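Right after this note come the structures.
Next, two complexes with chain A in common: one pairs it with chain B, the other with chain C.
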Partner chain A sequence: MDRIQHLLRTETQKLVLLGTLLMIIVGLSFASSTFLTVTNFTNVFLKVAVIVIIASAANMLMITGHFDMSVGSVLALSGILHAYMCKHGVPIELSILITCVVAMCWGAVNALTVAVLGINPVIATVGVLFIARGFAFLIARWDGGANIMTGLPMEFVDFGRELVFGIFPLAIVLMVLSLLVFIFVEKKTALGRLSYAVGTNIKAAKLSGINTVGIIGFLYMMVALFAGLSGVLQTSRVGLASPSVGNGLEFDVIVAIILGGTSMMGGVGSTVGMLLGALVVGFSSNGLNLLGIPFYYQSIAYGVILIGSLMLNHRFTNMGRG
Partner chain B sequence: MDQSNIIEIRDVGKTFPGVTALKSVSFDIKRNSVHCIVGENGAGKSTFIKILTGVIKRSSGEITLNGKPFAPTRVKEAMADGISVLYQELNVVDELTIAENITLGQEEHKYGFPQKSEMLKRAKEILATFDESISLDDAVGSLGVAQKQLVEITKALCSDCSVLVMDEPTAALSLGETRKLFQTVARLKASGVTMIFISHKLSEIFEIGDYVSVFRDGEMVGTRSLEGMDRADLVRMMLGKIVVNEYVPSKKRSDEKLLEVKNVSTRKLKNVSFDLHKGEILGFYGLVGAGKTEVSEILYGHDSEGEIRVKGKRVWLNSVRRALKASIALVPEERRQEGIFGLLGIRQNVPLMRMGTVLKGGLISRAAENKLADHYRDAMSIASSNREHKVGLLSGGNQQKVVIGKCLNRDSDIILMDEPSRGVDIGGKQEIHEIVRDLANDGKSIIVFSSELQEVLQLCDRIVLMYDGEARCIIQNGDDVDTDFIMDVVAGKDLGQ
Partner chain C sequence: MKKTLLAMAAAVTLSTAPVSAADGEIVLGKVPFTLEHAYHQSVVRYFEGYAKKEYGAKTIVVDGQSSSESALSAVENLIAQKVDGIALHSPDIAMSETAVTMAKKAGIPIVTTLMFPMSKSTPHVQPREDISSFRMGEVAATQWLKAHPDKKPRVAILNFGGFEQIASLRTDPFFRGVQSVSADAELVTVQNGGGSTITSMDVTLDILQANPDVNIIFGANDDMALGALAATEQLGRGRMDNGVPLTEIIAGVDAGENAMVKIFNPNCSFKLSHGQVRDNGIAEVDTLMGMIKGDIPTDEWFQVDTESPTFDYWNNSIREAQAFLEVNFNFDKDLKAMVAKQR
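Up next, the complex of A and B:
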């Protein structure tokens, strides 16, 4: 009994999310005939996978009290860079590797401006958001069009359409892997523990000799790497690279993280919560689509979810802040 | 000269929920004098000034200004009645010109267009009497701190200020600038302005003050004429009665010098030298602003000139990680901002300075964490419901024990403790003192920086007395320790060597 009470008290936000998620799923099953189909669930999970892969790293970053607005742009740039290189004769494996390295360089820029120079993360990473997006369009223009869709090698789509063990799409396998990695980081590694410390009190962290710059910088690079990988995956799955994909993805990521109970100020949060948050975001937007709700109502609903999740956070997660 | 009272304060008090910040203060301020207010941090000076200038409302008592009852509810009201403040943080807008700053908030308009005002004419005359090199059209951003103060003083005089409150006006000034400010003060006095002058620097108070009121622990200790007053007497009033008791020498103190600091200087410190023996508790004592914090900083992450040796080896301690590597750890002064990780439990706080103590094969071992947390909870009797208790929700004394525990887990040879028992209740204080003593008896070397003489006398084997950035002398603690001598030294009395 004590355990259950303890769980109710400490994990209230996750339980609320779980309840919401079940309600959405049950409700939609009755309201829409196409909801409970393999195709629809696959679609939802493919969308959620991109959010979760990036958010698992971004969640740890937010736990340090920092965030990254540039993930959507880095994803677009990575996708288009990968397609451009493949089209111009770079072997696919090498192209993926180079793209990941380039993505990490954007993370390094964020690390430099935010962690080393101390520039406000909103401003610094929005700067990168614009720059990376600009480069994405520029590369598309070099190629001579708005999108890169023709002239790609036949094997280009193999990576994105790969089925692990013949049934699981690679994106979903990567989602599960990134979740497992960051649950492990969160619970069992010094990096995870120190991230919480940095987010709780960065000044005390510095005076305790914790390498705050290294931790924040490393996480920025991980977030960018995961965004880059997602870009490659997405482009390769649809067989087309567009410089305008991933617009607003940063907000999907942040909403999933905040809904999951991670504090914008850092110090509190969990990977499992983030997953629940991402699922709520994914299923509710899928539901709104299926029910034929016009986009303007969807936009309103999205804003309400964002503000509501912050209020939920305020209620449950900021006790004892120093 | 008119020697009537311009301000009379009677039984003025201020209580905040749960705290009495000011207890029934009464004194008079004579017209056309420089009235100084002194006291250590938390003595109630700021609260008093805030009441006088309308920032906060008093809870009890009466104030009369020029014989009339005075109870400002807003800063503007106090200004209209002739009381202006020159804050330590200057209230000027760098982007505007001097003229615009002076008329800020009081611009004269005609049909919505600003007009050249009479006020500016006066401002020009007043400013010229202070410093002819400044023009009203200069941008304030191009001025130095001292000149910005002149702009603020001019602004105050333009609004017919008869009482000017100066809150630590010299804190950011160079020696030359301070001299100039004092000339201004003399000129203001000659022109009939009464000044209330707050400063931690006693030499300044003796130089320009006529009267001094001493605050201590929210109470008024007394008001005296500064003429013929002895500096040590003033310090005695500020610090109150010192009860010396229960000093026990550290048992393991050896002659081995663990830390040697030779002629170290910074902007604030002048040629500071001292050494720390193994197993010793060394104290640093001085008034606010004497340089104690700066000494802790040069040993933990700040740049300095001079020589520092740990175990005979030359070290550079200009980053926290270098200091930790040299086996120096710090229990910081501001516990909440610099010490604890409030959202995390005791279990997560304790190992943070040395994660290696809870890692097994590179991974965090919950068993090792639990063991460590329980060890410190036991050893220091940290009052908490369990090891997951969020540290931010513990009492001040228990938070401090967690910070000390985190620091001890680092297992450094030298432990710096800046104000180890500030904001801790009496019981917690005793416990923390016990912990410090036990540490020394375990062979650790400890430096305590404290602004409480009582604490230093209870704990430390030797005491370094600081005054104005200098380590004036180092005394041996014992039954025969001369508190009068200590107060003379920290008050800046010349030792005549």
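Up next, the complex of A and C:
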């Protein structure tokens, strides 16, 4: 009984999100006969996979009190770069490797501007957002068009459509792996503990001898790496690279993180909470589409669900603390 | 340091100085819907080339960035540069009205494309996409019923959201075309694909989950149709047997290279598209030049229609598609070889 009370007190946020998620799932199970199927759940997980993969790292970054607005552009640039290289004879495996390294370089730029030079994360990463997006369009133009689809090797789509053990889509496997890695980092490593310390009070962390620049810089590079990998995955899954993909992805990532209970001020948050936040968004969107609700109502419903979930979260968390 | 900065500022000022029409050369302003898209890039390329070749006119292009505010700002920019005429493809009718009023106040002829001003008070170039969309609906329904006479057409549509013209020129006529062949055809759903391949793929997965018996999908541009195709392929659908539909028929709009490669692949279910670049570019330039020369009144409604030819697997040849792409999209590859490379 004490354990349950302790759980209710300390994990109120996640329990509220879990409750919201269950309510959505139960409601949709009654509302749509096609909702509760393996195929549909696979679709939902595939839809949130990119958000969750990036948000796993971005969540830890936000715990340090920082965030990255450039993820959508890095994703788009990575997809285009990967397609461009594959189209021009670079072996797919090597192309993936180069793309990931280039993506990490964008993370290094963010690390330099934010962690070393002390520029506001919003301003600095929005700068990278524009530059990376511009390069994405430029590469597409070099290729002679607005996007890259024709001329790609036939094996190009294999990576994105790969089924691990013939059952599990690679995107979902990568999503689970990234979650496990960051849950481990959060709970069991010095990096996790120090990230909370940096987010709680960066000045105190510096005075305590914590390498704040190293931690923030490393996390920026991880976020960019995951965005780059997601770009490769998404491009390969669709079989087409477009420089305009990922517009607004940064907001989807931030919404999942904040809905999951991570504070924008830093010091508070968890990977599991972020996952629940992403699933609430993913299942809500899936349900609205399954019910055939017109997009203008969907937009309203989406906002109401987000605000409602946050209000419930806030109310129950305060009650739990009380 | 100061000297270097001043020199750089001077260089930038000189390189970006407005091109004045005062030096005798005719200067046209072109505001495309967005330069992010291959179709609009090609229209601009054709517009610039034709204006130069036929009239010796220079073109200044300012991107409309798919937004009313940006398009209006682009028109303001061109008015400030005192261009001789403006061709505008704006995102909405109300914005077109404001832009036309502004240009007229400045004494600059303006021609609109696709989105006309509410007052219909200026010449307008209108690609007849409604006719082609209707035709595609007819062909899609005919081919579906030929292969599956016992399964009535069940249609899903992906649009851009709230664009009236997209409904009146593309999605509504397409479904009417389907109905003209099969009166009991059902419009199962209309969802927002956002003009994007990724969004359309995700939305189509949900549509097919809720309505697995959807058998005709229309994307209001090729990117959305390709997204729908990717979704069907993920579900093990998207297939044809040498042009005979097995699972569904997908149609798009723009008729670019990416679409043509799929359309002429006999085993892929993306099978129809329509589009026009050259004639739109020519019509815009000719109309604008007619207005500048005084041959066409600048303040009266005058509609110039252009065709938007339809391409489909059953009624067109690869050679026709190759010729269309070469003329309209600067295509210099071998379409037949590209189709053969498809899985």
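The rule we apply is simple: the second predicted complex is superposed on the first by the 299 of 322 C-alpha atoms of A that agree within 3 Å, B and C clash if a C-alpha of one lies under 4 Å from a C-alpha of the other, contacts with A are read in each partner's own complex, and residues count from 1 in each chain.
In this text, a contact is a pair of C-beta atoms (placed from the backbone, for glycine too) under 8 Å apart; a residue touches a chain by one contact, two chains touch by 3 or more.
Because the structure is predicted, anything quoted here is derived from the model rather than measured.
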Overlay on chain A: chain C relative to chain B, clash or fit: fit
Partner chain(s) touched by A:208 [first = chain B, second = chain C, both, neither]: first
From chain A, separation angle of chain B and chain C (C-alpha centres, steps of 10 degrees): 120
Touching partner for A:188 - first (chain B), second (chain C), both, neither: first
Which superposed partner A:85 touches (first chain B, second chain C, both, neither): neither
Partner chain(s) touched by A:234 [first = chain B, second = chain C, both, neither]: second
Chain B versus chain C as contact partner of A:149, first or second or both or neither: second
Dominant toucher of chain A (residue count), chain B or chain C: C
Contacts of A:267 with chain B and chain C, given as first, second, both or neither: first
Which of chain B and chain C A:290 touches, first, second, both or neither: second
Chain B versus chain C as contact partner of A:197, first or second or both or neither: first
Least C-alpha distance (whole Å) that remains between chain C and chain B when both complexes are overlaid: 18
Residues of chain A defined as touching chain C within the complex: 32, 34, 37, 39-40, 43, 46-47, 137, 144-147, 149-151, 154, 161, 234, 237-240, 242-247, 286, 289-292, 294-296, 298
Footprint of chain A on chain C - complex, ascending: 36-38, 41, 161-162, 188-192, 196-198, 201-203, 205-207, 209-210, 212, 223, 226-227, 230, 234-235, 257-258, 261, 330, 333, 338, 341-343
Of all residues in chain A, those that touch chain B in their complex: 187-190, 192-194, 196-197, 200-201, 203-211, 267-268, 318-322
Chain A-facing residues of chain B, complex: 300-301, 320-321, 324, 330, 332, 336-344, 348, 351-353, 355, 359, 362-364, 390-393, 406, 410
